[in-house]
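First chain written, first letter: the chains are A, B, C, D and E, and each begins at residue 1.
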């Protein structure tokens, strides 16, 4: 059944996991509940950092670094810029009708319960997690896989970024009024 | 055979040709010419009929002619063919004979009408259909003629179409006839399914040869056929159209509604005597219906003031007597009365037409009187005919009516009494008519009086011929020595002449009948000659007379019982059921439409709601698949 | 594979054209280029190969559907000329985005690895977000873009989660491997859950009830050409991909192994019925033509979902249905584009009297609506026929009867538009005969009818 | 070094990610501020990313981590486009509350 | 040479008519319709000479659908009805000016094409396609060239369309179901099926819905009167003269042989429905104020009787039904044309505003009267032959059916003569009524001639249809 960490004999790893998990969930909640968007953003950054911590825990160092760079470094900055640009603060956040809040909470509980229930219902993983001992997540291996096996998606991702770029420009470009 | 076929075609088609000529060229030919053509066409038929008649009296063999296949039904094949036998030729004789006379009469009578060519074309068409009816070799050909004459009757009653009342009368005639026609059709269906044929000759042999006949079914067929006859021959309950049919020009009344068409029912029953003989219950019904009709019509006739209406009810009454005879299986007696009736009733109608013509359209007897001197020929011919119809001895009607009463006496005393009373009444109202019309002083306007004159030769000639026939027509079937019975004998399976020997009873009965007739005449004489009574004007009629005058309110009753409900039903269907059904169908559309309208509210534009639905849907699907078991 | 590369290259060329200041040549060039790609794609027809570690798996299914996408894109690009007349500086961007969108679509139907699938769907979605919001000064367009974006990314999240679970179960993203594992008896429950989540994400893309709410709003708010694109190309891509997902991964047999098949089929039946019914009923009271067509699209999605019930045999039917639907949609939208060119909305009143002022286009719109309604000789009828045939064969008679009732309801709103064209008085003058719009309308309608007369042309490609 | 999951258990990662994912969903539903909604979506994506890495470890397979790269690229692209749309809405409307986006309905 | 030639002529005619422009459209349409008629006559001769003029071509491989046309006697009779009435209908419209005439006449020819196809098709799906195709032209004809308030017209026409489509879609489902069983849509393969009673019942009902709406049998008739009233007379003629016959023909060709057990089991119900239609239609017709509506209800009554005849499953019933179909086709076209003639002069369809026509226009009155009489099945008209046969067959099932069905004789006469009286007779109307023009006269005379000729000599038609009807009956009775 559920693999309950034995807190009395918790290993370091387990303690770290619990700690990180707690931070992740808590900051995620705080992100949502914060009135001030800036606070939200900051909580979100913390959340991202905690996730990076999980990555490190799972020994995915490269990914952790990339994660921090992309999310905390790029995406969050983008968010913050936008927030600043719009000069948002607490007061700008509109009143939420009770029904929406209720609906949100209901659906949250529902989907949580449903998904967790399914996973609990499912057959538990029996036995040890195998460990081949091979290196599978070093930068080297990742690079090989990314640029050999996954070369096409890699290139294709560039198309995605190109589209996003064109799109963003398209959406923000002022037209010359030539009539 | 070839010759016969051709001649028969001439016989049938001559009037049709006349019809076509008059339809297409009548207007340009002029009134007289079109009248002559019309008359000539019928005369041709008459001559051919005489030829055939001679032939058959010599050989005694019926002529059967088949033209071509007509309707194909699984078990019966119906062809268009003719049967010229004793019965049909007899009928043809007086149809074309009297037809010719009436055509002749009409030339003068209708001369002032702008649509005279049409009149003649319709008359010709009528004769055509009547001939078809009579000489058809099977029931379906008869049915062509049957409906065809109904159509012509419709056209001619409504001849003066500008008057919607006349059109109503025409329509009524047609529809009531059609009720009968339905009966006839059903009768045919039953006969057809029973014997796989509708041909008279084969039907007769089939019935004769059939073992284990289904008598109840056959009776049903006979009853249905009789309903058909009721419609055409104006018997209770389908008689009300005939008096109304007097809306048509008088020659039409004479030809169609007295002499020929209305006798089609009798013709048909006589034709199918072998069917009716096997259905004694139906025969009883026929007799009862006939008897009651004759009495009821006679009572109504007692108080009518319209000269043609009197004659019309008299016709209904006489037809009733004929059915009385048919009901007792005395077909030849009925036929005899048909013939004599054709003579004197045609004469009476034509005479009344002459009167009306003389009075420029006046039909109310209360405004007549004293026409004897102005119109002597008309008077005398009508008097003769009245005597004949009243059963005064040695006129034709005496013989025929007497035979009917004799037959009735032998079979059913009650019906005999009814028939006798009807006869007495007949004598009364006929002479009431005579006294009111021809005796005493003229009660019309001065202007009418000024113009009183005898009609011209074209009118009086047919009158005289018919009066002669009405007088001496009885000779064809004198008691004890009946040419007619012998002539018709091949048609009937059983010899129906048990009363051929004249005994004391018969003579007593004869005397009673004569006395009755004279009694009727006497009462009329006292009331309308001696006491100088003139019928009250409409609003002063009271009591029983009022009921009679209003024809027992039968028309009104029919209106209330049949017409009004159908109309109400129609209105109900139209206003409620139709709209209801329509609304139901529209309603389905409306409901879906309304759903669409309500659904729009759900599509509120709120992303939150959309996502909420998304999440709910997701939860529902996932939990249905993975948690439901 | 070559098709995908060629399309991508074409998109980049479009951008280059703008740099080289050859704006006028963009559209003809693109159309020619796409025709070339079409030919290229056709040349691959019949081969079953996989490229680059099975990233792209070319099969009959993928080539035929790719061809359909390319044809649709040709029409859409041709329509762009007129539509973006007033935005000469942006035309290359628009066209390029459309081409990339096509690339995304092609990647989606020919994916051999979930990475390609995910990237494809994201390219498609992001292009659509951009196109939906592309009238930046129009609040409606903004709103449409925003709504689509929010819900679309939400759905992407779901899909990603699904892919993740599949990966968790299988340890691979390769569809060949997954399809092999999926038949094994010992299967973590993550796989079916993951699949269901991916399927739900795709159901969102095809706008099936209850994941359909975005469609009407987004269709209405987006610029008309984008709506055309969404309702034809995007929807076809989504349903084809969904079909491929389910069929290529042996999802149905795997469900059967775990006794989940009946429930899954029930769900498809329910969603299909709900989509048809909701779409049709809601469409009845719409006054905006685009919105109406959105609901009509929802109902058609319901019809198309019926193919999932007989997954092993219905590929041809799906191709036929989508072709019929998309061609009719293109024809209808080209008329809508023409009629509503200078209007600020697409209300039905704009169509009043079109039968008198412009009988040809009115006839074409009528034809396309009749096709969508499923009236014979138009291919829409045969599409429904084959679909019903297929579905009855699979044993879902009730579903077919519901579908039939829905077809009847759908006539109600299709004919509302036809009525407006023929029985109302015209309320505006229309001048000009834009060649490309006429061309697109006529060609797509002709293709539609040709498909109707010779359904075997398309139907037999995949049988 | 053994598999770290022996100490934590893949289920726990799944539960963590499910909860995080649901929080993301909750945020999307709960907040009207479009920016926060974006952030919630990012939380959802991150939850998945975390799970990818966990599964990657579970299978001792690098593909899962590679996929995370793509996922990040997608997230970045989405955010860029989303914010662009948001900015243009803000310009037109002066607000970024998604409650104000109700012109299209019915 | 085979029957597809006629289809081709009509289709090409439709396009040609559209292309020649408004001025010539009517004449070109007439030309093509006459060409089709001529061609049909020639083909009929070939058929009678024993040649096979049917054809069968593969069309769609999967599902197996063929382009199969089967011209047996029954189909040829209906074909002749269609191609004979089409020129009459087109010719009858010569007195009217239509906007956009090219479209109008092209649609007429297209409709003739579709209806011909329906009669000839020997493949279930091909038949269905033609069946639906016929619906579209009439929809536009009624919608665009119809009369009366446009809003109401729209309602009526849309209702008609949706309603008929609704019925036929269920037929489509039935066809697909049959296909699953037989593996082919070809009629002979479908005839060979041995379905269980339950299956047959459902198939029968699905077909019945389609046909009951088209024919129409009560209570599915609500579209009829309104559409007849609102449609232009040409459309009404096409609808009542030919299109209704599609439904009746289909009952004989498809419904009965495909579901004989159900047909036998529930025969009485369906006969009763037909007869109820007779009585109901007649009674409603009594109180109609609008001439065209009255004729519509009379049509309802007549087709009710025909339908009852077909459901008797006897050779007489079928034969009578077919004869009556043809006769009714002609007479109803004639009557609607007469209504149009009146409308051209009085500009009203309201019976109460008519009257007094006979004085001014005797020729027209005579023709009208003949049509009225034919409509009430006076012996010596074609209608009588049909009606008699049908009633006879009903009497074989149950005499009461014949009695109730026979009320049409009485009620029919009642409402028709009442109508005739108020429309034609009476004193002079204030409005002038010019007698029929030559063009009008020709149409009417042709119709009348046909009615009377076959009234006396229906043998050619009987001989034509009987063998094929017997074949169908054999299929029905195979178990």
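Everything that follows uses one rule, which is that contacts are C-beta pairs under 8 Å (C-beta built on N, C-alpha and C of every residue); 3 or more make two chains touch, one makes a residue touch a chain.
According to UniProt, the chain labels map to these proteins: A = NADH-quinone oxidoreductase subunit J; C = NADH-quinone oxidoreductase subunit N; D = NADH-quinone oxidoreductase subunit K; E = NADH-quinone oxidoreductase subunit M.
Bear in mind that the values here come from a model prediction, so they are computed numbers and not experimental data.
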Reaching chain D from chain A through chains that touch each other, fewest steps: 1
Most distant chain from chain C, judged by the mean position of its C-alpha atoms: B
Centroid comparison with chain D (C-alpha atoms), farthest chain: B
Interface ranked first by C-beta contact pairs: A-D
Identifier of the chain whose CA centre is least distant from the whole-structure CA centre: E
Chain centre separation in whole Å, for chain D relative to chain B (CA means): 98
Rounded Å distance, chain D centre to chain E centre (Cα mean): 66
Centroid spacing, where centroids are CA-atom means, of chain A and chain C in whole angstrom: 31
Interchain centroid distance [CA atoms averaged], chain B/chain E, Å: 37
Of all residues in chain C, the ones touching two or more other chains: 115, 119, 122, 126, 129-130, 133, 136, 145, 147, 150, 154, 189, 193, 216-217, 412
Contacts with two or more other chains, residues of chain D listed in rising order: 10, 14, 21, 24-25, 28-29, 32, 58, 61, 63, 66, 70, 74, 77-78, 81, 84-86, 88, 98-99, 101, 103-106
Where chain B touches two or more other chains, by residue: 589, 600, 603, 605, 607-609, 611-612, 615-616, 618, 622, 626
Pairs of chains in contact (touch as defined earlier), listed by label: A-B, A-C, A-D, B-C, B-D, B-E, C-D, C-E
Residues of chain B that touch chain C when the two form their complex: 589, 592-593, 595-597, 599-600, 603, 605, 607, 609-611, 613-614, 616-618, 621-622, 624-626, 628-629
Residue ranges of chain C touching chain D (in the complex, touch as defined): 114-115, 118-119, 122, 126, 129-130, 133, 136-137, 139-140, 142-147, 149-150, 153-154, 156-157, 160-161, 163-165, 167-168, 171-173, 216-218, 220-221, 286, 291
Footprint of chain D on chain A - complex, ascending: 2-3, 5, 11, 13-14, 17, 21, 24-25, 28-29, 31-32, 37, 40-41, 44, 47-48, 51, 54-55, 57-60, 62-63, 66-67, 70-71, 74-75, 78-79, 82-83, 85-86, 88, 92-94, 96, 100-101, 103-105, 107-108, 111-112, 115-116, 119, 124-125, 128-132, 134, 136-137, 141-142, 145-146, 149-150, 153, 157, 160-161, 163-165, 167-168, 171-172
Residue numbers on chain D that touch chain B, as the complex places them: 25, 28-29, 32, 98-99, 101-106
Residues on chain C engaged by chain E in the complex (per definition of touch): 316, 355, 359, 370, 375-377, 381-382, 385-386, 388-389, 392-393, 397, 400-401, 404-405, 407-408, 411-412, 415, 419, 422-423, 455-456, 459-460, 463
